[in-house]
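Order of writing sets the chain letters: A, B, C, D and E. Residues in each chain are counted from 1.
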Amino acid sequence: MLGLSFVLGQRHKERATEDPYEGGILSTGSARLRFSSQFYLIAMLFVIFDVETIFIVSWAIAFRELGWYGYVGVMIFVILLFVVLIYEWRNGALDFGPDGKKILKAYKKLNQKKSAAENIVSKVNGASQPHVPALKNKHTNQSTTA
Amino acid sequence: MNTISVEAGLILAGILFMLGLISVMIRRNIIFMLISVEIMLNAAGLAFIVAGARWAQPDGQVMFIFILTMAAAEVSVGLALILQLYHQLKTLDGDAANKMKG
Amino acid sequence: MILIWFIIILMGGGILAWIAEQWQAGLSRWVSLAATLINFVLATVLWIQSPGQVTVAGSSWISTFTAQWIPSFGVSFNLALDGLSLLLLLLTFFLGLLAVLTSWNEIQYRCGFYYFNLLWVLAGITGVFLTMDLFLFYFFWEVMLIPMYFLIGIWGHENKTYAAYKFFIFTQASGLLMLLAILGLYFIHGSNTGNYTFSYFDLLGTALTLEASRLLMLGFLAAFIVKLPVVPFHTWLPDAHSQAPTAGSLILAGLLLKTGAYGLIRFVVPLFPHSAAEIAPWAMLFGVIGILYGAVLAFSQTDFKRLVAYTSVSHMGFVMLGVFAFNALAWQGVVMQMITHGVSTGALFILAGTLYERIHTRDILRMGGFWAKMPYMAVIALIFAMASLGLPGLGNFVAEFLTLIGSWHASRVLTVLAAIGLVGATAYSLRIMQKIFYGGIAETHGLTDLSRREKLIFLPMVIVIIWLGVFPQPVIDTAKQTLTGVLEQAHVRNASPPATEKPILSAKGGIHE
Amino acid sequence: MEAPIHPMLIVAGVLGGVMLVAPGLIWLERRLLALWQDRYGPNRAGPFGVLVVLADTLKLFFKEDWTPPFADKKVFIVAPAIVVITALLGFVVIPFAPGFIVSDLNIGILFFLATSSMGAYSIILGGWASNNKYALLGAMRGAAQMISYEVFMGLSMMGVVLLTGSFSLQTIVNAQQDLWFVVPQFVGFVTFLIAGIAETHRLPFDIPESESEIIAGFHSEYSGMKFGMFFVGEYIGIILISSITVCLYFGGWLGPAFLPPVVWFILKTFVFIILFILLRASLPRPRYDQLMDFGWKILLPVTIINLMITAAIVLFNENSP
Amino acid sequence: MSKTDFLNVIPLFMLTSSAILIMFSISVKRNHKLIYIITAASFVADFFYLVMYHPKVKWVIEPLFIFDGFGVFNMGLILLTALAVTMISYAYFEQREERKEEYYILLILATLGAAVLVISKHFVSLFLGLEILSVSLYAMIAYLRRRERSDEAGIKYLIMAAFSSAFILFGMALVYAVTGAMEFSGIAKFLSTAPQMPLLLLTGFGMMIVGVGFKLSLVPFHMWAADVYEGAPAPVTAFIATVSKGGMMALLVRFFNLVDGYRYTSLVVIFTVIAIASMLVGNLLALRQRNVKRILAYSSIAHIGYLLVAFLAGGAMGIEAVSFYLVAYFITTVGAFGILATLSDRDRDAEQMEDYQGLLWRRPLTAAILSAMLLSLAGIPLTAGFVGKFYLVAAGVNNHQWLLVSMLALNSAIGLYYYIRIIAVMFERHEGEEEPADMLHPSVYIVSGVTMAVLVALLLWVGVYPEWMMDVIKTYVNS
């Protein structure tokens, strides 16, 4: 209670020097932008694991009374947690940020296909354009890492 | 601290529950509907704790932890679904999700 | 044992016919012909052998068959044959045979499945006529519906889907009421005696309070009068009959309607004699209304099959009238009516079918003067039209006459009114002849007279209808035992007052207590 | 146990102490950073530049209190308050000395966890309300980081709870008479410290506000005292984490009797505060995804394994003698 | 935990561990066929264990579970149904999602939830079972990510199910607050000593009924059913219609019988009204649908209404009737949706009436099976549905519930119309192109085909010779 009133008082001081029309950093455009769904995933992970800690916490406080019986139970629970963790790991839920190697691999695959197709086309046309794929390559690499 | 009477606790839980109920009914944004449902669940959890306190048993709290877990799982799935739906509909308006009728 | 074979042959024949069509087109016809023929022969043999037994006093049952089915419900596979059933079975197989023959060329589409349905309808009807277990009765009652539904719904005429629905829902809904009534009877009997059974013989003696008896009887009655049909519940019939393929109409008119009449005689009266007697005047009234209404509407139809359908309504009015007149004479008339109507109306439907095959219309306004082109057909049509109007010397006359004599004892006014119906019958029968075979020649393109197969169909029908008109005694004798037995029983039980002291459905508990 | 001091006094003492120490830390940090980086740091105002803090504070107070017109005003104002309030609330359960505690809750650790996770709100609300792309990005990162490390933080503390069987910090400190828990719970200590740094989003884990990537992250739009609140809040957070660490693993106020318990406590805490500053001075900032990977793939399993092994040992010791 | 305890819960463990095994195997490598086999094998093994180990012994694990005949019977039923659903899922998912493996985890977990539900005797286990079931179902319903309707259905089901869970929970809390017991037997004990039902307790029961009504999609809590049925993938729809509802129904029967709710007129009246409304509304709404899935949805509302008739009859006969009807209904529903699933293609399920036009001539066997299923739903003799309905009516008549029974009869008549309509569409003459080539190798469909054949054989067997099934039910349920 005291802490709260103390902080409230401080906020009152802030308002003493209010002056709305000046200064600051100019913001450009709307900031209501869409961000990676990866953040949602983290939120879900947190929700799941944080709730699971509740169980561990409630076990921790009474684990002496529960003894080995409870230990085995929690062990099973923890093993389940690990299974889930491994599962998520393998499924890429824990890959935060882009994985350069994967993108490169996928891109190469794509490129091979494309170049193969282009080779056919060029053979048909009787003219080869070897530099074009390389240029494209550079360009897209930039865009994926950016 | 004074002990709170069972009736008061239940009434509080009931009010929370009703609030959740009403807002599920009137909200159109799916996320808000989800939140309202969570409120209802938590109201039920509160009622359990009050009931457990009345009988001086830990059962109520145990139940509350389970409810919490379940609510968490529900939110996770719910968020994922909402995200998917948003990708397809580009809106969170519950009324937009009306492809099925009859 | 022979009884179960009747059913097995038909059902097995149906399946075989379906399969046979996969091997070779057209084979299914022969299979089903064989199946119906075997049954017909078997039934005839049984009939020829049986008169001696029938006249023996005591048991009226010629043959029985019992097997366990669902013992925990008290359901058994219980078949029994008496004179009444035997007659109806003969009719069934006779018409079944003809149905197969009439379909010979008419049905070109999915023959295998068609004959499967046809034979299963027959099997269902056979089962209905034979079974002495109420559960089994309901079971067969349903079995005959579904294939009939398909017959109408797939091979019918332009408005078939609607007609098929209507037929199915009317009969099914009323059937469910009967199921409820059966169950009610079952539980009341069970709680009274501790013996939970669906056996007809056991249930016959159930002591019922007046109210319960009324309610339960209404349940049974609902199913039967819809099937029969009695006037307010007849609306499915004109649609179903006119939209069904020829064989379908034949079976509908010739056989399905009879199951309703059979049910009245076999179940309603014996099980609830008191309530049946109570309701008799009303039932007779409705019968008469049916006679008149059917006749009037038949007269005003332009669709040939629809016309014949309404004549069925009219004829079945006589059945209703006769059954509730409660005397042996009327009942004999009813049995005769069932058989002669089956033959005569069946023949008219087949006629309609053969005409439709030739000129692709059923509208009698577009017909006329066909006598010149098709003398054979015209003669046959004349015979059955006369039969339909009740010309003496043909089967229907005997039937209607007996019925009217019988009902005279019960109600004179109604009998007179019913007799007026006969005048109506004359009018519409002559109208058939007038419009189709006399008068100005209409659209004669492609008219040919009856083929050999068609003659083969009509010939036995003509023989039968004349035979029934001239010498109906064997038929009457066959059923006599059963009918008098039922009536006596009913009178005996009516004499003793119903068990009023027991409150309705008082018995608590069920099977497990 | 000493004679109980009036709770209000304790509250006042803690609040005053913390609020005084926090700005002091700013100065301390600057000086120390300068020391380690071979430069002067603040040295003009007052002796060793001590008064620079005062000057800074005055400047913040007198600076224009600017609320961006495009921002969500209410939230924008509330956000910085939250960070200070929650951080201060954390001190409620810290025992500075026997009896010198605002409230000896029996769920002290849980209370601490609860308040510290509330801190995530200030970041996310602040970042959201600023309506600025960088701020939003920073907020999202900050929130992700904080909630992720929240999980491990709670789990790593459970080792201590297993050893003592209590959530009360006072009980925990008392249980360390013989042996500081840093010895049996070294893994727990390390993971807790890492999680703690991440919780306060200090360098090297200052992803939410990394200047070089997203200007200043979630508080890009803040200025004046509102910025000051964030700033101060961060330092209060450092003190809080340090004191909790001390309580959990380094015996709290316990120490040879030649100094009063409070002094021991403050000394130990300062060691950790200096450690924080040292870390800032010496470590580079990891990439965001590296940070998250580290948390989920290494810290989480390690904390859980630590927990299970601890429990097994405790149970074994209980049952065997 | 004693050895017997352990032996008894092995079926639950087996399900759990197979779910974990699948997760592992996905982590190693995604292999649809392997995972499918694991799933099917675990269901089969579980079922056989259940049959072998639980002849008729009753075993109680305090305070959560009770392994009595009724529970074991329902569990076995659920396992077999889940097996059938698995069987029809393979072909269905093989042609659709790129990530189809997780579906089986969810399927197993949902089955686990239902299995827990039917053996629970405590609010906690009830709640856990219910939620495991529901949460798995959310994801299963929305499993086809490409389909908007699937997501929509998932969201709707989620909101509705959470909503109903909240009701159930609040109701439970109130019951707990009044009685001080979360065990069914404890509540029953309280009720048997209490002179009359306290208002708060009645409120609690009322809220639980609301929740249960949602889960069972009873009128007036049925709004979600049609949309969810339509949006969910066909096998999942089959699962919702059978396992999910069946589990809840079994629980309802157990709870109501234990606390002897029949004593309270208010409760009985509430259920009677609900039953009648469900029958009527379900059937009437089904009449105007053009979408087969929606028709089946509304029909399932009506069917649960029918079930309530026997449920209200109570007593041994009522329970037997409910069990029998569940068996018949499960067979039929899984069969119908199985056909629907086999007919569906990559982009959409075969749910419009037009998809069935002339089916009999295109695929006679498929059409014949579907007809059999529909006839069974309509309660036509020779099928399991008939005997089931007969049993229901018998139970109702036995208990003199004439109103309910006559409503049942009336509604069966209404129901006929729409079942027959689907059949009629199948029998329509089909002109136009022949069946398009299947996208997958025909061998994929073998399993589905065999399952369908088995189901239809069961349907007929139970329909023609119900004695065996009745014996089984009696030995289990009355033990």
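FYI, a contact is a pair of C-beta atoms (placed from the backbone, for glycine too) under 8 Å apart; a residue touches a chain by one contact, two chains touch by 3 or more.
Since this is a predicted model, take the numbers as computed values, not measurements.
Listed by label, the chains that touch chain A and also chain D number zero. Counting C-beta pairs in contact across B-E and across A-E shows that the higher total falls to B-E. Ranked by separation of Cα centres from chain C, the top chain is D.
Distance from each chain's C-alpha mean to the overall C-alpha mean is smallest for E. The geometric centre of chain C is 42 Å away from that of chain E, both derived from CA atoms.
Centroids built from CA atoms put chain C at 64 Å from chain B. Inter-chain centre distance (chain B to chain D, centres taken as mean C-alpha positions): 33 Å. Measuring from the averaged C-alpha position of chain D to that of chain E gives a distance of 53 Å. Contact of a single residue of chain A with at least two other chains is seen at positions 43, 50, 89.
For chain D, the set of residues that touch two or more other chains is empty. Residue positions of chain E in touch with at least two other chains are not found.
Inter-chain contacts, as defined above, occur between A-B, A-D, A-E, B-E, C-E. Within the complex formed with chain A, the residues of chain E that make contact are 1, 20, 23-24, 26-28. On chain A, the positions that touch chain B within their shared complex are 37, 40, 43-44, 47-48, 50-52, 54-55, 58.
Chain contact summary for the complex, chain E toward chain B: residues 123-124, 127-128, 131, 135, 138-139, 142, 145, 148-149, 151-156, 158-159, 162-163, 165-167, 169-170, 172-174, 176-177, 180, 182, 200, 226-227, 230-231, 288-291, 294.
The part of chain D that touches chain A in the complex is made up of residues 8, 11-12, 15, 61-70, 77, 81, 84-85, 88-89, 110, 130-133, 135-137, 140, 143-144, 147-148, 150-151, 154-155, 158, 161-162, 165-167, 215, 220-221, 223-226, 229, 287-289, 292-293, 296-297, 300-301, 304, 307-308, 311-312, 314-315, 318-319.
Remark: chain B residues 65, 68-69, 72-73, 75-76, 79-80, 83 touch chain A in the complex.
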